[in-house]
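Below you'll find a set of structures to go through.
In the two assemblies presented below, subunit A is common to both, partnered first by subunit B and then by subunit C.
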Partner chain A sequence: MSDLSGGFRRNSAIVLAFVVAGVLFLFGSIYAVDFASVAHIRTILITASFTGFVGVGQTLCMLTGGIDLSIPSVLAGAALVTANLANGVTSRLTWVIPLVLVAGILVGLLNGLGVAYAGVPPIIMTLGMSGAIQGLLLIYTNGGFASSPPESIVNFVTGDTVGIPNVVLVWAVISAVTIIGLSWAVFGRKLYAVGTNPVAAFLAGINVRRILLVPYAVSGLTAALAGVLLLGFYGQAFTDMGNDFLFSSAIAVAVGGASILGGRGHYVGTIAGAIVLTLITADLDVLSLGTAAVDIAYGIILIAAVYFGGRKLGRRRVAS
Partner chain B sequence: MGNTVLEIRGIQKSYDGVAALRGANLVCEYGRVCGLMGENGAGKSTMVKVLSGAVAPDQGEMTLEGRPFLARSPAEAQSAGVVTVFQELSLIPDLTVADNLLYGIEPRVKWGRIDRGALVGKAEEALSRLEVGGIDPRVNVRELSLADRQVIEICKALVRRPKVLILDEPTSALLPQQVDWLFKHVRSFSAAGNSTLFISHRLEEVERLCDDVTVFRNGTDVGSGSKQDMPEERLIELMLGRQVDRIFPEAPAPPERAEIVCEVNNISSPPRLADVSPQMERGKVLGIGGLQGQGQRELFLSLYGAMAHSGQVVLDTKALRLHRPADALKAGIALIPEDRATEGLCLGLGIRDNLSLSSLGSLGRLGLVSREREQALVSTSVERLSIKLRDARQEVSALSGGNQQKVLLARALAQRPKLLLMFDATRGVDVGTKSEIYALMRELCRQGVAILFYSTDVFELAEMSDRVAVVHDGRVRAELEGADITEGNIVAASVGGRRTQAPRPAP
Partner chain C sequence: MSGPDIVTAPSLDYPTGTPPNEASPRRPHSISSARRAQANLQLLMPYVYVFVLTVAILILDPRLLVGPGALGAFFSLVAPLAFVAFGQTLALLTRGVDLSVGGVISLVTALLATHLNAKGPLIGLEVLAVIAIGVIIGWLNGLMIVLTGMQPFIVTLATWSIADGIAFAVLPIEGGTVSPTLINALSGAILGIPKSVLIVVGLFGLWFVVRRTRFIRDIVAIGSDESRSNLLGVPVRRQKVRAYIACAALAALAGIYLTVQAQSGSPDAGDQFILNSIAAVVLGGASIFGGKGSAASSIVGAIAFLLIPDLVFALGLTSYWSIFFQGFILIVAVTFNSAVQSRARTT
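This part shows the complex of A and B:
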């Protein structure tokens, strides 16, 4: 582990996030008999994996000091388009899913072009994109709802392979690719350099703009993927099905120790963050507290995570 | 010791287990200028941070006018009468000069609103009292040159009427006449019964300004005394912990015949650079002189593809198209940029990551960074430049300034450049590292590398260059060669005098 480069090494926040996850799990297990059951752990991991998917893109964006606010719209769009085009026919998925994923990448690229080449601030660019997609979806779906996806996608998402939920397997594969990309790949080195100091990265010969495109394109892809899988999970698609994921992806990244200023953090932390968020929901559920409490908790956690992250940054500044 | 205003005894400070100060002592007396010297990494900057309240010491005592003194923040230090001018500029770029100058001590504040008229009036009065001409207090700091910003930074400290003024390497950004101005005012400030702590690398400045000198090495004071007791050789000896004969290495014998590596025709980058045509020869150092901000930066960035420009650059008979730094690096042009913290290094990343940043293409295998190749690059660099580090995965910000500069040099040299652009590469670097950089330059010349060398240190420019082009207002005003390369001639050409540019030999 000590060879992971960039944000992971020395990042005690990531270790802390895993510790918090452990504590939350213990807490739930003490209060509820079934909390530590295999079935419940499966549920926790499946729920966490959706935040984990969109967290890939969000982590990359935040590593460059940006953010992707279009995740919910891209996610819902992917689900709606998939449901509509497939129209219940399994065989169509072989072309519908690739099409939808490519569309996700294209939307992301558009975000990236706006940020990297036109210089539009990421918040504005992705928020504007999000609004535009929401509008298009309303027109396209004529009311924003689609049901009855093909059986096969439902079966895949709710199914298992060798006893492990398929969604969790997909998450494991994507996590592995992301971790390799950030820690061992040339791309990761460049991304951290751009996130830490874009001027220095530019003068070191890195094509900063091209690097800046990648996080947004990846985010479009992972949001679209989450949408397709969530369609199978819910068995339906609707325009605001992605709304929770903006909040949760950003919090997962922040809880995982990334700096919102860029350059510091790692997807390993986001994995911990996604699990922490799911466990908080589960714990509050055990305490019979509803969604209102979850939203309050999420909000406080986001502020706290960024506050403590920022404090550490402040100390470093003085000490350096 | 009845004259002591500030006394520091046995200060210790460690960062993550690495001792920056190990029991340092320092005394400042009323009415005197105390110089603090030492190599980078000797603990000078940490001392400044402790005194200014930016960091808390682990151990030790400080007294100010006989009373215990420990500032927990820069604001506390200021109100106690200890005001610091840091190396890094602290002015707010989008506020006016007047706003910055009187920040927090605005003359009239009513209902939370600042009386602009009174503010500007007071700023004007302060600037004229300090004999600063040519800076309008109403303009935004962003519009000032680096040198003028430093002047305002110093004024900002002086208007706070401190008992102890701490100047941390204040002259590295100043023009020669501004240095004279600074020294004059520091002297009169101290003569009025105050005390100044002057931190500098430059022997000549300490010689000129200071009454007493303390030398730090390795986190402690290794010697102090009045200037008369501390001649130059003794200071160098104390700083380095060994004797040095000379910091400028012998110039190598000139190559058999001159061979032009890089020919530049009428490179322009409006509005700061117009029609400059330097010729870089193999194994030679072409010095670029002139006052600051005369287009030197634009020349370097254009040659490096980091700035839009017109004109032709021919390297080894090949015409180059330089749209971005990657183009220049590929062609064999590397740059050591002006400011290593903002333009050179990614401070939050590891030494290794910074070192290999320009070489990732050749270190990659199927998109992944090859660990063996990278390790080889790191070991070669560490050895070649004798970079002092504990672990290449350490953050680069943990290194001393001189070693950070070596990391940048190593990154550039890993590209095996034919032309090395060095923009003020020795600024804020300790004497020991400076002499190593000079030796490295000679070594590179022997290997046939051409060097374009800009320096704000005219002495160094004169010593190291085979030819010097003095730039003024975006054009070459004079070219000096051989025996004509003297400090005096460079300064004279920089500040004016007749246009002495020799006609260039036809290609």
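This part shows the complex of A and C:
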């Protein structure tokens, strides 16, 4: 375990995020009788896993100092295209799902090309991409709504294997792959190097641009995956279905202790961040506070997490 | 190692806030006259876009622009975006960005359609109150950015979420009623010229009045080279806070106009203005790396951006295509802009 790079072990923010999750859970349990019931814990984990999926891509993007704002559109696009192409027929999923995931990667690659090769600020590149995809989806679906996905996908998403929800199992597998990729693979080392100091990484012989492509491609993939699974979860697809994930993915990463400046953070923190966000929503729900309170809480938490995360970094500051 | 000179790698320009190798090419005094000519050319491009789009629309379906009331109707769409684009230009000039304009606009429309819709002169005070809300949000943005060193997009992403939340609490769904006094004050025409046209022309002219002021010259200097500006005695923090205050206040004005135009409020009325305002500024030829831009060009960029739906309509396509083209054009313009900028910075 001594080999973990980029501040997973050193980052007390990740530990703090898990502690906060514990406190939030205790708070909910004291307030509401069935908060700690197995059924509710299952709901919390399933809800958190969707943020966890898109959080993979967002973590990688933010590790390089970027951000992916096209996640909501890619997510909704994957769900809409899957629902439309499969048209309720289960056997079609064998080619529709791979197709959709590849399309997600391609969209991510376009973002990455703009960021890495043309030097476009990630925020503007992915915002523009998001708009373009929204338009295409509206044209494609003629209004942006699709219902009746194949039964099998609904059954898979709402089903269990050995008592654990399938979605949570998928999340566990993806988390394992991400953690291995970041901590033990050469790619992870290079990503942290680029995120910490691109000039030093360049001088060390890393192809900075090629490494910068990866986070956006991965983000396209994980957003598309989240879209396919969310289609099964909701039983329908619509253009706004991904909107909540714009904030939640970025905030989950920030709460998990990652530095917005890049180079510091880990997916382990994002896992904690996704659970914290879900618990906050659940706690506000227990207190009978709705969407408005969630939006306000998200904003405050984002600022607090980035501020305290930034202070731990010492003196590294942004020019702007 | 085979590879370009370090400074020429554009990927090094963005990833970590501070470009690690802030070498001399970006310093204002070293800009060659050739490059300044290129910069001015970029600021003239939006006029070309508007001309080309207008000609295309006039050929395909002239009624869209020259029919009775068409011009006033078109400019009533331009006016709110012109306000936001003016403000967003200021934020981009400092090398920042303001995403909270979406939240400010939503909050303003929600308030003006519910609690602040008095008939008669009292509405004047209420309008001042919503402008004050914009000023406060902008002040908070600016303060957090200069005091904590957090990136503008994170700070304004957060305040966007907070303002959206408050807007949603005030008015959960589109609706409400708007003060008839306010509607009368902002709609119609003066001497036959629609007020929307006068507002846009006024904002356009305002830039030429303010661009020589200390404030604008300072934020241009800050966006060009912040540490150098600091050394030269520019009050960096104060001017950056002012830029965000101005941006949010202009967003509040956009919200006021939008409420009148829609004659209702909506908790997500403002969200589209984030992409649209950045697109207008980029089409207007401002540098996304700060230090170069013109609010007047951004307003012309806004006009070009909003001519796109008309062209889509004239071509007989469904309106969904305009959403695609507006996003697509932002990507193309920004990629072109970045490529030119990074070349300019390294030659």
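The working rule: the second predicted complex is superposed on the first by the 310 of 320 C-alpha atoms of A that agree within 3 Å, B and C clash if a C-alpha of one lies under 4 Å from a C-alpha of the other, contacts with A are read in each partner's own complex, and residues count from 1 in each chain.
Here, a contact is a pair of C-beta atoms (placed from the backbone, for glycine too) under 8 Å apart; a residue touches a chain by one contact, two chains touch by 3 or more.
Just so it is clear, the model here is predicted, and its values are computed rather than measured.
*Asks:* Looking at A:F187, would you say it contacts subunit B, subunit C, both, or neither? Reply first, second, both or neither.
*Replies:* Touch partner of A:F187: subunit B, not subunit C.
*Asks:* Can A:F202 be said to touch subunit B (first), subunit C (second), both, or neither?
*Replies:* It touches subunit B and subunit C both.
*Asks:* May I ask you to decide whether A:V253 touches subunit B, subunit C, both, or neither, giving the answer as first, second, both or neither?
*Replies:* A:V253 sits against neither subunit B nor subunit C.
*Asks:* Quick check for you: in the superposed arrangement, does A:A118 touch first (subunit B), second (subunit C), both or neither?
*Replies:* So A:A118 only meets subunit C here.
*Asks:* Based on the superposed arrangement, let me know which partner A:I67 touches: subunit B (first), subunit C (second), both, or neither?
*Replies:* So A:I67 only meets subunit C here.
*Asks:* Just checking: does A:G263 make contact with subunit B only, subunit C only, both, or neither of them? Give me first, second, both or neither.
*Replies:* both
*Asks:* Spot which of subunit B and subunit C makes contact with more residues of subunit A, would you?
*Replies:* C
*Asks:* Which parts of subunit A are in contact with subunit B and also with subunit C?
*Replies:* Correct list for subunit A: 196-197, 199, 202-203, 205, 263, 318-320.
*Asks:* Over in the complex, which subunit C residues touch subunit A? Could you list them?
*Replies:* 1, 3, 6, 9-22, 94-97, 144-145, 148-155, 157-162, 164-166, 168-169, 172, 226-227, 274-275, 278-279, 282, 288, 290, 318, 320-328, 330-331, 334-335, 338-339, 341-342
*Asks:* Inside the complex, what are the residues of subunit B that reach subunit A?
*Replies:* For subunit B paired with subunit A, touching residues are 15, 49, 54-55, 304, 306, 324-326, 328-329, 335, 337, 342-350, 352-353, 356-358, 360-361, 363-364, 367-369, 371, 393, 395, 397, 411.
*Asks:* Which positions of subunit A touch subunit B when the two form their complex?
*Replies:* Residue positions touching the partner: 2-3, 5-6, 9-10, 180, 184-187, 189-190, 192-193, 196-197, 199-207, 263-264, 318-320.
*Asks:* For the complex, give me every residue of subunit A touching subunit C.
*Replies:* Going through subunit A, the ones touching subunit C are 64-67, 114-125, 127-136, 138-139, 142, 194-199, 202-203, 205, 208-209, 212, 247, 250, 254, 260-263, 291-300, 302-303, 306-307, 310, 317-320.
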